[in-house]
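Everything below concerns the one structure shown next.
A, B, C and D are the chain letters, set down in written order, and residue numbers restart from 1 in every chain.
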Amino acid sequence: METFRIFAGGEFYKSSREIIVSNPYNNRPVARAWQADDKLFELAAGKAVEAFPVLRDMPAYERSEILGFISREILKKEKTFARLIAREAAKPLRYALAETRRAAQTFLVAAEEAKRPPMEYMRLDWNAGARGREGLVKYFPVGPVAGISPFNFPLNLAAHKIAPAIAAGCPIVLKPASSTPLATLALAQIVAETDLPKGAFSVLPMDRKTGNRLVTDPRFKLLTFTGSPEVGWSMKEKAGKKKVVLELGGNAGTIVAPSADLEHAVKRCLVGGFAYQGQICIHAQRIFVHQDIFDTFQDKLVAGAKKLKYGSPEKDDTEITAMIDEDNASRVEEWVNEAALSGARILCGGHRKKAFYEPTILANAGPGMKIYDNEVFGPVVTLHPYKDFEMAVKGVNDSRYGLQAGVFTNFVDEMDYAFNHLEVGGVIHNDVPVFRTDHMPYGGVKDSGMGREGVRYAMHDMLEPRILVKSNGA
Amino acid sequence: METFRIFAGGEFYKSSREIIVSNPYNNRPVARAWQADDKLFELAAGKAVEAFPVLRDMPAYERSEILGFISREILKKEKTFARLIAREAAKPLRYALAETRRAAQTFLVAAEEAKRPPMEYMRLDWNAGARGREGLVKYFPVGPVAGISPFNFPLNLAAHKIAPAIAAGCPIVLKPASSTPLATLALAQIVAETDLPKGAFSVLPMDRKTGNRLVTDPRFKLLTFTGSPEVGWSMKEKAGKKKVVLELGGNAGTIVAPSADLEHAVKRCLVGGFAYQGQICIHAQRIFVHQDIFDTFQDKLVAGAKKLKYGSPEKDDTEITAMIDEDNASRVEEWVNEAALSGARILCGGHRKKAFYEPTILANAGPGMKIYDNEVFGPVVTLHPYKDFEMAVKGVNDSRYGLQAGVFTNFVDEMDYAFNHLEVGGVIHNDVPVFRTDHMPYGGVKDSGMGREGVRYAMHDMLEPRILVKSNGA
Amino acid sequence: METFRIFAGGEFYKSSREIIVSNPYNNRPVARAWQADDKLFELAAGKAVEAFPVLRDMPAYERSEILGFISREILKKEKTFARLIAREAAKPLRYALAETRRAAQTFLVAAEEAKRPPMEYMRLDWNAGARGREGLVKYFPVGPVAGISPFNFPLNLAAHKIAPAIAAGCPIVLKPASSTPLATLALAQIVAETDLPKGAFSVLPMDRKTGNRLVTDPRFKLLTFTGSPEVGWSMKEKAGKKKVVLELGGNAGTIVAPSADLEHAVKRCLVGGFAYQGQICIHAQRIFVHQDIFDTFQDKLVAGAKKLKYGSPEKDDTEITAMIDEDNASRVEEWVNEAALSGARILCGGHRKKAFYEPTILANAGPGMKIYDNEVFGPVVTLHPYKDFEMAVKGVNDSRYGLQAGVFTNFVDEMDYAFNHLEVGGVIHNDVPVFRTDHMPYGGVKDSGMGREGVRYAMHDMLEPRILVKSNGA
Amino acid sequence: METFRIFAGGEFYKSSREIIVSNPYNNRPVARAWQADDKLFELAAGKAVEAFPVLRDMPAYERSEILGFISREILKKEKTFARLIAREAAKPLRYALAETRRAAQTFLVAAEEAKRPPMEYMRLDWNAGARGREGLVKYFPVGPVAGISPFNFPLNLAAHKIAPAIAAGCPIVLKPASSTPLATLALAQIVAETDLPKGAFSVLPMDRKTGNRLVTDPRFKLLTFTGSPEVGWSMKEKAGKKKVVLELGGNAGTIVAPSADLEHAVKRCLVGGFAYQGQICIHAQRIFVHQDIFDTFQDKLVAGAKKLKYGSPEKDDTEITAMIDEDNASRVEEWVNEAALSGARILCGGHRKKAFYEPTILANAGPGMKIYDNEVFGPVVTLHPYKDFEMAVKGVNDSRYGLQAGVFTNFVDEMDYAFNHLEVGGVIHNDVPVFRTDHMPYGGVKDSGMGREGVRYAMHDMLEPRILVKSNGA
């Protein structure tokens, strides 16, 4: 069995805490790995502190070359990465490959942004007291960063923390999800070949207790967490003086208006609703469809959902497979059943077999049901007819969350209304909320988080402005 | 009779070349003024050169306060200015007042932008050869500016040259239109009260021969001209080493699609077509209306045009009055008649009485007719039905010119197609091409000019970047 | 006696909690005011929530005009404001007047920045998956803001919260310092004359218990606090999901190198060290002087300190007067005495009379003494000789704090080294750390805070980006 | 003998106008090439027009990938390119290799900038008339570009036209220097392998008559010329309506102040003065040295100049070799002799052997001598003592030209004074004027040109802004 060692302070280590990572689809072991203990945590944290001045002072072109190298190596090994992700996360190969390519893109963007940090030069002589003075604002890295990434995009959501950190000049210690640590450990093998200062990047699978030191240790100046809202918000309270970036989830809404291209909308909603079994922060959970096209849309969507090809995540043509574990599948089952008892109609799906839960579409779901109020993080979509566009926007906003929303319409006024009134971080026009490209600002409002990722945006939080007020020598 | 003296090098002068400015509506004299001779030109140019280092080195807050003062004074005297413009230019009072307020806005924007010149601070260490180097880019004023402004907005189109020049730190010598010099001469009286260095602003009515020295004199580092395409482009050839900004005219197109709010479109097209007798660079000359709504639109527009209230420009309720002179009215008459002979239908208007030409709407005009191919600069609008949107865009683009275009539609794809394919400087969504607000980039492509105005944009051309490559001392 | 009522939700109120504000210099009552109780807090918070959509949707020009009006009114009443501040805060009149003018400037800057919020437009087609897509990023106000401002700049440090909040579109409830609430209550009288929606601005003197509701109430989406580090950091932990901006204090360092203009350095250090009795967050507490010029510098500084004119804050020529209260003066006395016992030498000053503490200069102070390690917030300066520049930088960095630092030198390499290595928010070249102009980014690192003020920077935290991902229609 | 065909409209051609490119060092033939006739010019121009809409509408990632590919291929073939440049231009191999790597960098920067064109999104509601309106500004390529590049950097100065043109979406027809066409023709072979639309890039060696069609043909919307001032400025007059960017030469000045690191200054002045025999636009022609260090500096510089290793450009250790042709060497000889007759002292060098002219240093040169007033473009440096810094700045400014200047000083006030007062496009601190890195803004003022190159800056001129004024739908 393949083994993946802990990468701490620039070296690979085993520990006494061996773990076997297995494929959720068939429970077969994928690889052997290890969890870091306190000693390795201490090593990684200490080396991060040591690496900080070195990384901070590296010329831009050196950081950029390292990031570019990582990007190219990921692409060279894209099949290996894709297969690893497919197996550890039960992610259908097509999506695993797409994720791998996006991770390469994330590092490429960071290679470019490393050369373009925010910098400002400004006149200060706006009143007599500042006559003859100019300001130079340079952005300095905040210091070591603590990163915690989730199971669902084991490579690219980690890349969205690692790549900007290196680009900004911040060492980073990353804790991958316990169930899916392999992709980042494989990434560490690439990083180990570069000239990145030892300690500038460590990846430490950890149990929750050890991992929480990332939250509380004052040597880390910023905590960037992607995961569940409950965990995220409680971390904010324990983070001490450090900055906190939270990328949490939601129960994203999508609006389909009569002027939309219906075939396109259906096709995209199938992706938004069921890709990776709905285990995506911006999964298209609640779909609001204009009443005039509701029946047609519903029929087409149900027909499409039924055709999704089930199989092993390692197969090229698989579209749907097991969820990350049986607990989650059971939770989804329970929520759907609860909804059904409260009056929701199951249009398709609704059955579970171990960790697999069928692609499921519900009508008549609504407030008060878990399936509507909470983040389902599973292959379930609820459909809601609407009469006028403002009501649809209200429906989407009727949520504790606000990450992204999709709006299918060809009317300028509807698009603008949606942009101006949807309480989210991103409004996706003519597409589902799962749309994301890796350099755009990405993140949520309300309970969906604080701060933004998207390389340049993530870097911004990792940098601290310092102004030099100087004479302009005129 | 009121008198307005030349303002040259910070002082007021008479010359031997007296002129009487008269009201085109009734040919009554408005005021006495003077044209500058070579000696005064020399004085103004020489003082501009002398004022340059003083103005260049003024703190931002001082330039800003001067510009703010001018803005407030214009507002205080808005009725005086409006009446002056109404009389010298035969501009209906409501439009003259609107212009005056916009001029105040133009100076206000410049007061703010004077403090926010472009400045850049950048890493240079993108390769080993530039290791340890940073760049500071500061924008320095180019030097004295030569400005030539047109008759149709005697105050605000001059303001669009004067205000950015002062904000950027460039002295300016302005030649107003011969027929309408009074508003800028009145403005000079305000400027004379400020701490602006003597010579930093001169306004010289001149005959064409003397005025041409603005084009050829190498002491001026930038020529900014607003006027006719023919004159403008020939100036570019004679301008020597100086930078040239040309704000010329056009035969702007407007598209009215079926999804538009028709009443709104008609209302705005009446303004776009007939405000100030169509003597506006972005006058809505050619209107392309979807065939399904063509007849309705035509009927409403014709009905509206017939209702426009004719009268003295000095009256509050006047909507239409005389053109700038009888020559121009005759030219328009000729063009309309030529078009009628070639098959165009006159839907309303078509008659001239001295300098007054009736608001006129034509159908069936097209390529080969002067009224379609050239800039009419008069109260004439041509209507063209279209079948599909791309053809309407082609129709608008079927022109030597490209200043602005209006597009009335509620379809996203049409708005985007228009934005991406209309060969113009500005696409106005749900309004006519005459829309302009004073801080937006404004200017044309093709034969309509080069460069952009809009305070910050105008300033940009008046500034020259200089980089300081320095060690970052890391 | 003059009275100043609470301003809550757009109306003025008294409460059952009357307070008498007195002049620390002579303990004479200045005015009568009231503290808000829970009911008024509830009123203000509720009205802020109601005002939010109204303020958010106001056109930029309306917000700008309101802010401009406030700025002009402050200037019109500058003497009244200055006298009020002089009396409630025992701030010498010259400094109180300077503060008033800066507050007017802060509102002017906000009037301009209200029209220039951050907005972005970007290509998204950086890979095939985003082909044909563009991004529009608009920044929306986060919601109601809770502001807590300190006693030392009762007007301008409140202005730095109020002005950006209005400019950004966020209603704000402000708690002024208990000892100096009058200036902001007077400001409220100006605001009450504007068209600002009722509830968009409230100013509520409160006791600590009621005031803490600003920290914990989830209706406020951002907490902006200026005050002591201890209070600030503990607020961060209790703030729930809201964003937190902390402007705390420090023990700022200044370096005087041999190439500096010594007379200038001495003159500025007297201001930096003793203006407003040192009760300034960026007070020049620790001064590092090159050994070759140490004695000369020390002699001149001591001579200057001895000459500072003591008197009533209401007099024009007073340079030094009482501290904010006797408790603080006693604390400073204690710290100086502790230092003296541990080996520090008192070069001048060192005596207290009630709330007045003499301008005091110490040599031989160092780590382990409160006067060196902590923020003295009083009229005490410590002098430290240094041998090489890097050691001086180390000395400044030898602190829990990092707000601003001053560096007097004419060497490029020293200036750059200081900029790149001083762990602060601002490095002031050839001036003391107290330099601040109101549009520059201002704020600290380490224990001195998080986030930046300076209108545009403060606005940035009050805004939340939202991207519209749209087809570019090409 | 190797052959290099014309690349026109995407295909390689021979013509009837064969030319033999020879090595100026030994007059041996390097390769066979061809000059384009009118037919090929017509083909290239026509295909550029055809390619325009295709290139304009290419997604950013496709343009970026093409540019990235070109960059990597240049690096792969860097030895081939370096040898070719060494031979066609008599450029010592070390410099030819450096140029090749810089050309790769230029394309890399363009690959990144292609994804980051300028785009703006702004509030327009700065007054009531624009209520509810927002502006989107997109920058569209102007159309086909005509490029003319010089002999001295046959690859990288062409790259500075080609790379930004492709990045901006403008087809380009390039005329390389007649004496050194090979590097760009070799580059064409790389371009031919990419997916760039046929016609988007053509490289046409031409005689002057045919080449002038690039200046006058109205199908080209921008002319970008690098070469001599005389030719450049006359082109501006003949360019019709097109935009013109001129990168011309100068007689750059350098200042060496007493606080400078003298060894470093000497070392860099040897490079700035004699690299590539001084045939560089930013060659350090006039060096102003403070009188206190003048003799020492002079002795060291002369000693260094005498040690420069002469030899074949193809050798690794050659530092100095033949000039581009004997005519130019004779011209330099004449200018030096004229100066000597007028009182200048030849400190070293002063002899010619065919196309080789010795590295020459003069004292006592001054205004009125060609060697001082004009651009020598040869291996000659003049030395001038100065007493105070302002005089040195005056000395540098005593020139028709203003490209770049070098300033060696460690004083902040001198550096600032130089930055604020040197009339140039770039002030290089602690280095000679030849410093350039490929993404920095580069270009001259006064007779040295207009416009800036440096990829992003060059792109800016190749783009035309277009605003969409739209309702914000609020």
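Assume a residue touches a chain if its C-beta (ideal position, glycine included) is under 8 Å from a C-beta of that chain, and two chains touch if they have at least 3 such contacts.
None of these values were measured; they are calculated from a predicted model.
J.: Looking only at C-beta pairs in contact, point me to the busier pair out of A-B and B-C.
T.: A-B
J.: Taking each chain's centre as the mean of its CA atoms, which one is farthest from the centre of chain B?
T.: It is A.
J.: Roughly how far is chain A from chain C, centre to centre by C-alpha average, rounded to an integer in Å?
T.: Measuring from centre to centre gives 37 Å for this pair.
J.: Between chain A and chain B, what is the gap in Å from one C-alpha centre to the other?
T.: That gives a centre separation of 50 Å.
J.: How big is the gap, in whole Å, between where the Cα atoms of chain B centre and where those of chain C centre?
T.: Taking the average C-alpha coordinate of chain B and of chain C, the gap between them is 45 Å.
J.: Hunt down the residues of chain D that sit against at least two other chains at once, touch-wise.
T.: Touching at least two other chains: 115, 122, 126-127, 136-138, 412-413, 415, 419-420, 429, 470-471, 474.
J.: Over in the complex, which chain A residues touch chain D? Could you list them?
T.: 112, 115, 412-413, 415-417, 419-420, 470-474
J.: For chain C, which residues count as touching chain D in their complex?
T.: So the residues of chain C touching chain D come out as 57, 59-61, 64, 115-117, 119-123, 125-128, 131-132, 136-138, 259, 409-413, 415, 429, 474.
J.: In their complex, what parts of chain A are in touch with chain C?
T.: 98, 101-102, 105, 109, 122, 124, 126-127, 129-130, 133, 135-138, 233, 236-237, 240-241, 243, 415, 419-420, 422, 424-431, 435, 437-442, 445, 447, 450, 452, 457, 464-471
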